[in-house]
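You will see chain A twice below: alongside chain B first, and alongside chain C after that.
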Partner chain A sequence: MVEVRSPLRERITPGQFGAPGDAGVVLGNRTLAGLWQIAGWSDFDEAADPVLQALGLTALGSYRQAQQAAGVRAWRTAPDRMLFETPQDLTPFNSAALAVLDLGHARTCITLSGPIARDVLAQVIAVDTAPDVLKPGMFLQTGLHSVAVLVHCTGPDAFEILVPVTWAESVWDILFENALPYGIAVREAA
Partner chain B sequence: MIRINCPICGLRSETEFTYGEDASVTRPAMDESAAQPWLDYVFNRDNPRGWHREYWHHAQGCRQWLVLERNTLTHEIGTCRLAREDAA
Partner chain C sequence: MKRLDQGGRIDRSKPLNVSFDGQSLPAFAGDTLSSAMLAGGVSLVGRSFKYHRPRGVFSAGVEEPGAMVHLRSGDRHEPNARATVTEAFDGLVSTSQNAWPNLQFDIGAANTWLSPFFSAGFYYKTFIGPFKHSTKFWMMCETVIRKAAGMGRASLLSDPDRYEKRGAYCDVLVIGGGVAGLTAALAAGRAGAKVLLVEQDTALGGALLSDPVGGAGDAWIASVLAELQAMDSVRILTRTTAFGAYDGDTYALVERVTDHLRVPEDAQPRQRYWQVHAKRAIMATGAIERPLVFGGNDLPGVMLAGAVRTYLNRFAVLMGERAVVTTNNDSAYSVAADLARSGALVTLVDMRAEVAADTRARAEKAGVFILTGHGVLQAKGGKRLTSVDVVPVDRGSRTSGAVRVIPADVLAISGGWAPAVHLWSQRFGKPVYDAASGSFIAPEDPDKPLQPAGICAAAASLEDVITQAMRRGAEAARATGATGAPGDSPAAFDTGAFWQNDLSPNWAVFDAEGRCKGKAFVDFQHDVKVSDIDQAHLEGYVSVEHLKRYTTLGMATDQGKLANINALSRMAELRGMAIPEVGTTTFRPPFTPITMGALVGHEHGRHFRPTRLSPLHHWHAENGAQMTEAGAWMRPWYYPEKDEDLRAAYIREATHVRTHVGIIDVSTLGKIAVQGPDAAEFLNRVYVNGWKTLAIGRLRYGVMLREDGFVMDDGATARLGEHDYVMTTTTANAAKVLAFAEHLLQTAWKDLRVHVTSVTDQWAAFAIAGPKSRALLQTVSGADLSRDALPNNHWTLAQISGVPVRIHRMSYSGELAYEVYVPSGHAAHVWEALLSAGDDFELRPYGTEAMGALRIEKGHVAGPELDGRTTLKDLGLEGFASSKKPFVGSVLRKRPVLEDPERPTLVGLEIDGDTGAKAGSLLFAANEEPKGHGDGWVSSTTYSPALGRNIALALLKNGKARTGEEIRVVNFVGGEDLKARVVSPQFFDPEGDRQNG
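This part shows the complex of A and B:
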């Protein structure tokens, strides 16, 4: 198994940046447990079922609400496409009816939290991030700095952003620049 | 600024989408042997003033192809459906 290295490993310097005092924003980079996409065709419901069962999920889910099971996160990203964070190898489920793709090396996870996190997010995506609209457990796919990302609200003031590794530095920089006026605590990569 | 109501993602800014092409064009029958219908299908487009049906791609969202009604005069947006449903 090839070790997955963060595309941000040389960009991230842990410490305190920007405005002095309590940091309004905490930025970090989380290693994914493994990221898999499954995609199918008109019989996707049927084709996806064995994967859902293996992961302890019961339904494809909605386009807004992320799903959780033991050690698994799932996002319904399109009518016939899903994304899973799981350490399980889903390769055996690959078939003529289901295209299984390992995205573990293709995405990285930027974590954004803190009392001002929502406001910083609102500055960089053209989607409503108000607490009563983007609630914990919900997710959305959008453009951030013209990069297609998936934003998952993981807590009242916490977000995880799945970013293509080739654009991770750009996205990191734009978040960092926008958060500087509020003070940033950059965490050691987890 | 146009806002498009993606059936999967909800109301989103135009910046997340890319324009595809005229959705009102239909391909001639495969056994069509005259040149003109194929010429029209491949190259010739109307430039309507008013409502128009267009393919748009939600490139930075769900990556689905959509059929969107757009008023070329007022930029008003009408219905937006998944292209697969529109074709069905």
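This part shows the complex of A and C:
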């Protein structure tokens, strides 16, 4: 099987950068296991149900709280749209009632973690990133350096940012630039 | 002036190397540049704006009008820095500005003798001048005025420092870290609110930092600060100025992160811009002392009284052995007393006839000699103060007796205080006049999300400050939902009197004729005198806004912090009104000057805007492509071989495509998935042509219009499945088309079950064009791509080097051509596989310049033709429009003006000679004088390798009917006048044999 090439392959140099000492921020890149969008209309609940069942999910969920099941992450991105990270092929669910779209190559995932991760995030998105506001499991869709991204809080000081691949280098660069004063550890792409 | 042996809040164990105009200053950690200057005996710091008068340190804060200097050198050079708020650091180099050849002997000082010519409004009067109906006089003056204008000189070098921007959210923002701010933060923090406390100074304490060290104030600060620092919900930022208050309860702050260092270390930013969203805010910004107005009140040695006390107690600098303190209020008495206790001979000149006995007694006990009912008529000296003319004054501030000359090294002045209500004013408009305190304050309104507290609300005692701040803090916290108790107020302690008690409205000393003696300044930074205000009044300026602009009062970098009230007082006197009737101006951000860098943050240079890269970007760069910007994208422009220039390269590349096969990265094309059972109906409505019959496996070229009937975009759309289509758009219009489609689906066409999603990132795309393209692709994919198996405007699935791809048969170049759509994560793999296999077919990459040449040869329209001014008919595309269905723009495209046969329509031009036409050149009939807008314009131009001549696409009035006509192609900018023949825009293979073969 041909390897999916990260749009950040040429950009990522593992190592320590910026302020000396313990890195306040860890930056990395993860290739998605597969990304699918389903979209429906007024009967979206009903139309999406077979997909949810197949993925081990029980409900469409909220617009702020991501859902998780075995090997699956789900984000309700609009009243009639959901996004799934899953290796499963969802094409068979495509129908007149449900539009299924493969976006597996359209996004890459930039990982941002570390004790200063929330501060760095506060420098690049106009959203409250405080721990009592953006809690683990929550996600938001916002602009980062004028690029539409999905930010998922995956831990107390850990975030994953789904970025359109053609904008990925710019988003990476602006995160890197903002994180330099805190010291950055750049991880090998996963 | 001297540094005292003890006292102050400086760290004498840490001497610093600081200089001004090459003179080493005796600085310590904790000093400002101005305190180091004064400790080093520097009294002359700068020259004034207009008259180049000697100016020294006047204040100890952000209101400083005189001690403006250049800081640092090289690319970190900074003009107009206020020495009073510049922290001293080791290696600080400062120099004087606005003086030539030097500060001591400044040629510009001659202006002071020419001052009658430079009075209020002189600048505007040069617009009129002595020559009727002519601007000659202004043109003559302009050069001189522009050269003389300004203070410091900015560097032309790039700023090497980093600046950051960040957002922050809190329940209660407390602006100001003095007694009021600390108390309000304490109350809000105790109640459980999330508090952000910001202070522009390096330390918290506000006015208490100007008290003698070791007093009750220090213990008070330590106690409150310890409690605040122990609260997790309270964040404290020092060296941070709140400079703007905006709608939506948003505040702008600038944090000077490393301005106190020689250079920022360890990748730290120089400054950080904070955009704070606060549910409630408390403005504990204190007050700024008002000067008194008299002749020579700008001489070095004349200072605000509070500043004299700050330099004495905070920086251990005694401003002079012989001090005169002049005032119209009680607050200066503690200044006089502190000076006397430090060994100075102090005369206190009070314009009031009566003073409270205890206030007087305290000062006299310290050794101060007090003259009541007196004022300062004039300060005298050359480059610094030497004596003060003191006169008895009546209640109207007029002299009423003989002059008494008092030798003096320093003259401390206090005309009361002006609460710093700037942020409130920025947000809510004009403040109101409070007669009791003789100042403008924010009107009481509990519903406002920004509330003043303490001195900035004209609180008249420390107890009032604390009580009010506790209440404000508790109210703010409660308004945000905090439910805790604010607890007991911190205890007040004894301080000197505040200014409100028995404040006299007198602000200047006038002679018997009602004039100030000598040059009496109201606005020190812009050299606006009392006489300038008088003149403006005589010339009919009755509005405070007009007065401000005519005299430029309050328009310098200090934005009138010292000048406003005194100017209003003069205006009120001249107009026979009370100050509130005269009105005041509204403050605008920023409260203090901020750097452009802080506003810009990282968004400059390559981060000015995000850049969009094709999945093959690095392949192009590594293989020598010259890249070009196409909107946000970077695209390969051409691939030079050896020393080829653009022209040689694109001609070679385009020729190669016509003779062999070329490949170009077209991943930048907009790609939109159109899904749903009503997708065909949707396409039918957005495109001018019909889509109901498009079969799966087919694709079709389409054109869409704006609602006003002009062409918006074009592209091909393929039907992938029963309910699935993929639309392509031009690179430039991808976002616009997607937004247009979303808008229609969410407003006008909510009945349609259709979703549109950008898949531009999902799919890379390569165009493979040329006579050998079929053979190449068949070899690489193994698919049958014969004419019968895959006719034009069809697509098929295939595999290339193990990657599933979609091959569209379509041509943009007029050649046999295909577009290969590849999942973007596999783009580089497939591209490299094609190039590897392409050796046998002489496959070469080509760039956008060659692509442009090929499409012009074929007569395809692109961005230059789809410029928002052209219709279907103009472009020869009206045949695509269906007459059987409505579509966006179908009604308005029929407007008479768009049906006018005289409209410019698309034509081809064959250019005579070796010089190509420039895009934008205007077209004229061969026998017509080239004047005006002509008959049309050149939209796209190239040298055609296939035709061996220069050609162009153009829009020409009544173009179709003029085929064969000789015309002139005139480029007014470049001075070119070419001849051309009007031809069909399809220059190359008009029958389409090659692309359909």
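Annotations for the structure displayed:
Note that the second predicted complex is superposed on the first by the 187 of 190 C-alpha atoms of A that agree within 3 Å, B and C clash if a C-alpha of one lies under 4 Å from a C-alpha of the other, contacts with A are read in each partner's own complex, and residues count from 1 in each chain.
One rule holds for everything that comes next: a residue touches a chain if its C-beta (ideal position, glycine included) is under 8 Å from a C-beta of that chain, and two chains touch if they have at least 3 such contacts.
Values in this document were obtained by computation on a predicted structure and should not be read as measured data.
Once the two complexes are laid over each other on the shared chain, residue contacts for A:165 go to chain C alone; chain B is not touched. Look at A:41: by the touch rule set out above, it reaches chain C but stays clear of chain B.
By the touch criterion defined above, A:126 lies against chain B and chain C together after alignment on the C-alpha atoms of chain A. After superposition on the shared chain, chain A has more residues touched by C, the comparison being chain B against chain C. Touch criterion met: A:63 reaches chain B, while chain C stays clear of it.
Once the two complexes are overlaid on the shared chain, A:79 sits against chain B while remaining clear of chain C. After overlaying the two complexes on the shared chain, residue contacts for A:135 are found with neither chain B nor chain C. Using the contact criterion defined above for the overlaid structures, shared-chain residue A:146 touches chain B and also reaches chain C. The contact surfaces that chain B and chain C form on chain A in the two complexes overlap at residues 81, 126-127, 146-147. Against chain C, the residues of chain A that register as touching in their complex are 1-7, 10, 18-20, 31, 37, 39, 41, 80-81, 94-96, 99, 101-107, 119, 122-123, 125-128, 130, 133, 145-147, 164-171, 173-174, 177-178, 180-181.
Listed in rising order, the residues of chain C touching chain A in the complex are 162, 164-169, 194, 266-269, 275, 277, 602, 606-607, 609-615, 618, 633, 667, 673, 675-677, 721-724, 753, 755, 757, 759-763, 801-803, 823-829. Partner chain B is touched in their complex by these residues of chain A: 63-64, 77-79, 81, 126-127, 140-143, 146-148. By the touch criterion stated above, chain B contacts chain A in their complex at residues 8-10, 12-13, 15-16, 59-64, 82, 84.
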